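Both of the next two complexes hold chain A, though its partner changes from chain B to chain C.
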Partner chain A sequence: MGTGVKIHAGEGRDGAVTVELHGEDHTLGNALRYVMMKNKHTQFCSYSVPHPSEHVIHLRAQAYPDERGGDESMEDAENAESEHVAVRSMDLVHQGLDDLVAMCDAVKRTFEAAIDAHDAAASSGQAAESQYSR
Partner chain B sequence: MENGPSAAPGRRELPEHLERTRRHIEIGATRPSNVEARHAHDAYAALGVTNALDLAAFERELRVVVRSNTHDELVFEMQGIDAPLANAFRRIMLAETPTMAVEHATFVDNTSIIHDEILAHRLGLIPIMADPREFDYHSPGEPFSEHNSIKMVLDVECKVRADAVPDAPASQRFENASVYSRQIEWIPIGAQGDRYADNPIRPVHDDILIAQLVPGQRIHVEMVCIKGTGHMHAKWSPVATAYYQLMPVVEIRADSGSRIVGAHAQQLQKLCPGNVFDIESVPGSGLAVATVARPQSCTMCRECIRDKPWADQIRLSRVRNHFIFSIESTGALPAYQIFLQALEIMVAKCTEVKKKLEAASRGLPSSSSAAARTAQGASRTGTASASIGAPLSTIDEDDDLTNPNRS
Partner chain C sequence: MEEHYSGRAQPGPETFESTGNDLREYIVYREAPGASPCAPIKQPPSYQFKPINWKTRKVDRQNLTVYFSLSRTEASTRLKAATRGQAMPNARFPTLELSECTDESLKFVLSRTDASVANALRRVMIAEVPTIAIDLVNISFNSSPLHDEFIAHRLGMIPLVSDKAADMNYTRDCECEDFCDLCAVVFQMDVEGQVEGTTVTSQHLQNVWFDPDTYPRASTVEPVHWSCGAEHPDPALDASASGIIIAKLKAGQRIKLEAIARKGIGKEHAKWSPVATVSYKSEPVVSLRLDELNNRLEVAQRQELLKWSDGALKWDARTNKLEYDDAFKYGRTALSNDFVRKCGEMLVQVGSHPSEVILLNNDPSRFEFFVESTGAISAPVVVVNAISVLRNKLQELQTSLRAETLDRVEHGLY
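Our next item is the complex of A and B:
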């Protein structure tokens, strides 16, 4: 469905990035925001649908600035910092996508096991009962 | 960036009153409260409790219980998943899971009283028994082939039966007075006839009334079905509906001091339209006490918490992360397959976006190290996924992906 992405990084000094995801909507937007909020490196994450008739979402992410590392050769401390955070903010998006895939995999395994268990119980004549029904 | 099984395990339990707000949405007499979920990883940081994602714990605590599973309808409970994900699955089932449906209708003849446009729309809405996974999407301008289309013809003419008895109802005197979906004929293209010999392509239901005719009227229409999603038009949605509700909880408060007994209990039982309450007699005491027997029948009508005397003794709520999914298939796909496909489509979306982001990152002037760091991130993730099992699909890191929107 999607037709491309656009990354806006390094536009501010806070190291936040905004990603335009074309062809996506609340389905991915809210799920991705949710899973990124659960990442302990996320300081801020949100998404918006700028216009309801345009099929695009904007996802903004900002990592915590405290954990420095990696490129030590940078001279300009402030620029280096914000640039470094921007890279880490992008990492949040990638990690969020990976986490979503992993969660879907987990749901798939659990769901298939439940279907198999239900079918096995049904074929052996037992009514599979919810453990929650009283 | 590690936020998985490798992270230091923080405490996960909250004090009782906070755990209640974390798990339940309270239903009051006039309004629901505590509706907002707290998803931020640091929502409970002040208490030393982590709210961060733990994939291993997520899978361990995820519960799925299937209540009923037929071809047309699946009802199951899923506990331990949060609304943004559950809602994504629901939305994908409705709008992004493909099926085949009539898209082009060419009218050779239509002398019925139904206009071409209306009839074309009706034909489009007929569910087609064909596995959409075996077809490609048809792009505008592309020729129709056996891989991206299904051809069908409906050719019916209404006539007076030779043996018609005068004064009999129209359905007996006339041939084809009613046109049904079973009269739609599949015209195989190429090798389709052999490929689907065991399970011929046809409307899912035989008895969908398409039109009614009188003698002399004729409908002759040639149709082409293509693959599509509910996003474009609801006729491609594989579900009649797919919805979830949150698990209802009805409690008689233990802290209210007294039980609901005698005449009050009987009143309460009568009052509840969902028949949630039972009356049990307490052995030895001669007391008849109201009990919550069927909480799942509760529709949250709130009749029981409107008035005293028991309004303060009953507590209604919903469990925030316990979903009861109902998936009603149109018949083209088994209901449980629709859910599985939704999961696969979600994974495909994530993988596609990730690829595009990686391609776009390489073009960024300001962060030369972005690509390297991204690759690093991907490899770390690979390890995390492997620790909880084989991933559904792996991320393809090939470089030839071009991004039309790259600035």
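Our next item is the complex of A and C:
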């Protein structure tokens, strides 16, 4: 599986970024889209599989513009604003990955706790012996 | 939370406690000559914070760097604050209840999350949890009724105990020239048909590297001889005793071969999938629009329907209409299949469509999972491994995305 990413940022005036994720598919794309949509700073987020036989997905994200506005020293305010949004949009992608990692940890923790509880109940109830990690 | 997402640096003492593992990356203008770009900053040199002028960006590329602006504690404090503030009420912490658990199969309910997450977990279990399976077969003698490819394919389908798969290498990544005990397992088989006929099964596969002291990993790999958990009462049909059938030989027929098993994932070939099936379903919630029901149906139909409602509805004699019974109001929300079917039929009779009255909603945040293992890895371990695989994917992405971000910033391309 090819790995690696490619970022397309600051190419439009809206400040959206598109990230090519090589070697990924719907497995990661849809889950990542979901957690990023949960972020209140996300204005737009979606992913696409440009071609079914190429192992690459395109993830597009756009943040709401900062309420405090861009830098006042900017000469070209509109351009500056879009680049500012681009930075924030990239932050969304980073944050989305963090959130999904945190979610994996949470599920793993809960699952292992449930297994332990099940094991404890099975052994105390003298149920059939079962080993979960051969 | 606002500054959390700001593109500008926040000057302050905590700003310099970079650990390399923190949440946010920010771009600052560093005036520290001679420092290599992108090096993690441990001690603050003399800093002067300047807003980046995105328009001109005529900064000295050598001195432009990206650093992690939040310390680990700061990040976690903000994360907690964000969760408390319901920024992401469901997203980060799904819950899980285990209902049935054996080595072979597993049932659990994953809730407070989205179909996309449930589906990611399902897809990873099917296609991306590594196991070991026979991949290359050297057949030196075959006079059986089955041709070589047929036998090779059947061998590939046999699940092999893959508990140590996580510790083994993919052959393509291994440092050995061809294959070795770190990335492969070799089986040999030489069976000759007896007069009464011989059944060649997975029991005939002999692990060449069976010595656990010399080959701690490869020696643990053996065929999963059973095909179901329960022992069959008829010993002749008990798969747990006889193994998985590969071929049947008449007197004098012979199969001699060497099979090399390798680590792989289900995405490459389904023989590497650790699960026979993984499925999830969300619970349907049936609800009724009673006012619509009363409006659309005739009085006689409504009375007929009352008999089917199993006590969920009652008759209001004053208005001749159906009403929720107390039990229904106090939480008994089940409507029988018969009721739903009858109700649907009546609605069709009066020229209406059932979906206008009976609402079937799948609870979009509760997922009942069913995982059935092939025996290569026990079902609970499949789930744990799947989560680890997903997590590793994400971390690899994080690493390369950070590197790419740094690279772009260096080239002024953000």
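A few points about this structure:
Note that the second predicted complex is superposed on the first by the 116 of 134 C-alpha atoms of A that agree within 3 Å, B and C clash if a C-alpha of one lies under 4 Å from a C-alpha of the other, contacts with A are read in each partner's own complex, and residues count from 1 in each chain.
Criterion: a residue touches a chain if its C-beta (ideal position, glycine included) is under 8 Å from a C-beta of that chain, and two chains touch if they have at least 3 such contacts.
What you see is a predicted model, and the numbers here were worked out from it, not measured in a lab.
When both complexes are superposed on chain A, chain B and chain C clash.
Looking at the shared chain after the overlay, A:Thr110 reaches both chain B and chain C. In the overlay built on the shared chain, the residue A:Ser46 is in contact with neither chain B nor chain C. On chain A, the surface patch touched by chain B in one complex and by chain C in the other comprises residues 1, 3-7, 9-10, 19, 21, 24, 26-28, 30-31, 33-35, 38-41, 70-71, 83, 86-88, 90-91, 93-95, 97-108, 110-112, 114-115, 117-118, 130-134. Against chain A, the residues of chain C that register as touching in their complex are 2, 5-8, 23-25, 27, 51-56, 79, 87-88, 90-98, 101-103, 108, 110, 113-114, 116-117, 119-121, 123-124, 127-128, 161, 163, 267, 378, 380-381, 383-384, 387-388, 390-391, 393-398, 400-402, 404-405, 408, 413-414. Taken together, the chain A residues at the contact with chain B in this complex read 1-7, 9-10, 19-22, 24, 26-28, 30-31, 33-35, 37-42, 70-71, 83, 86-88, 90-95, 97-115, 117-119, 122, 128, 130-134. Residues of chain B touching chain A in their complex: 1, 3, 7, 39-42, 50-53, 55, 58-59, 62-67, 69, 76-79, 81-82, 84-85, 87-89, 91-92, 95-96, 229, 231, 247, 292-296, 322, 336, 339-340, 343-344, 346-347, 349-354, 356-358, 360-361, 364, 366-367, 369-370, 373-374, 377-378, 381, 384-385, 388-393, 395, 403-407. Residues 1, 3-7, 9-10, 19, 21, 24, 26-28, 30-31, 33-35, 38-41, 63, 66-68, 70-71, 73-76, 79-80, 83-84, 86-88, 90-91, 93-95, 97-108, 110-112, 114-115, 117-118, 130-134 of chain A touch chain C in their complex.
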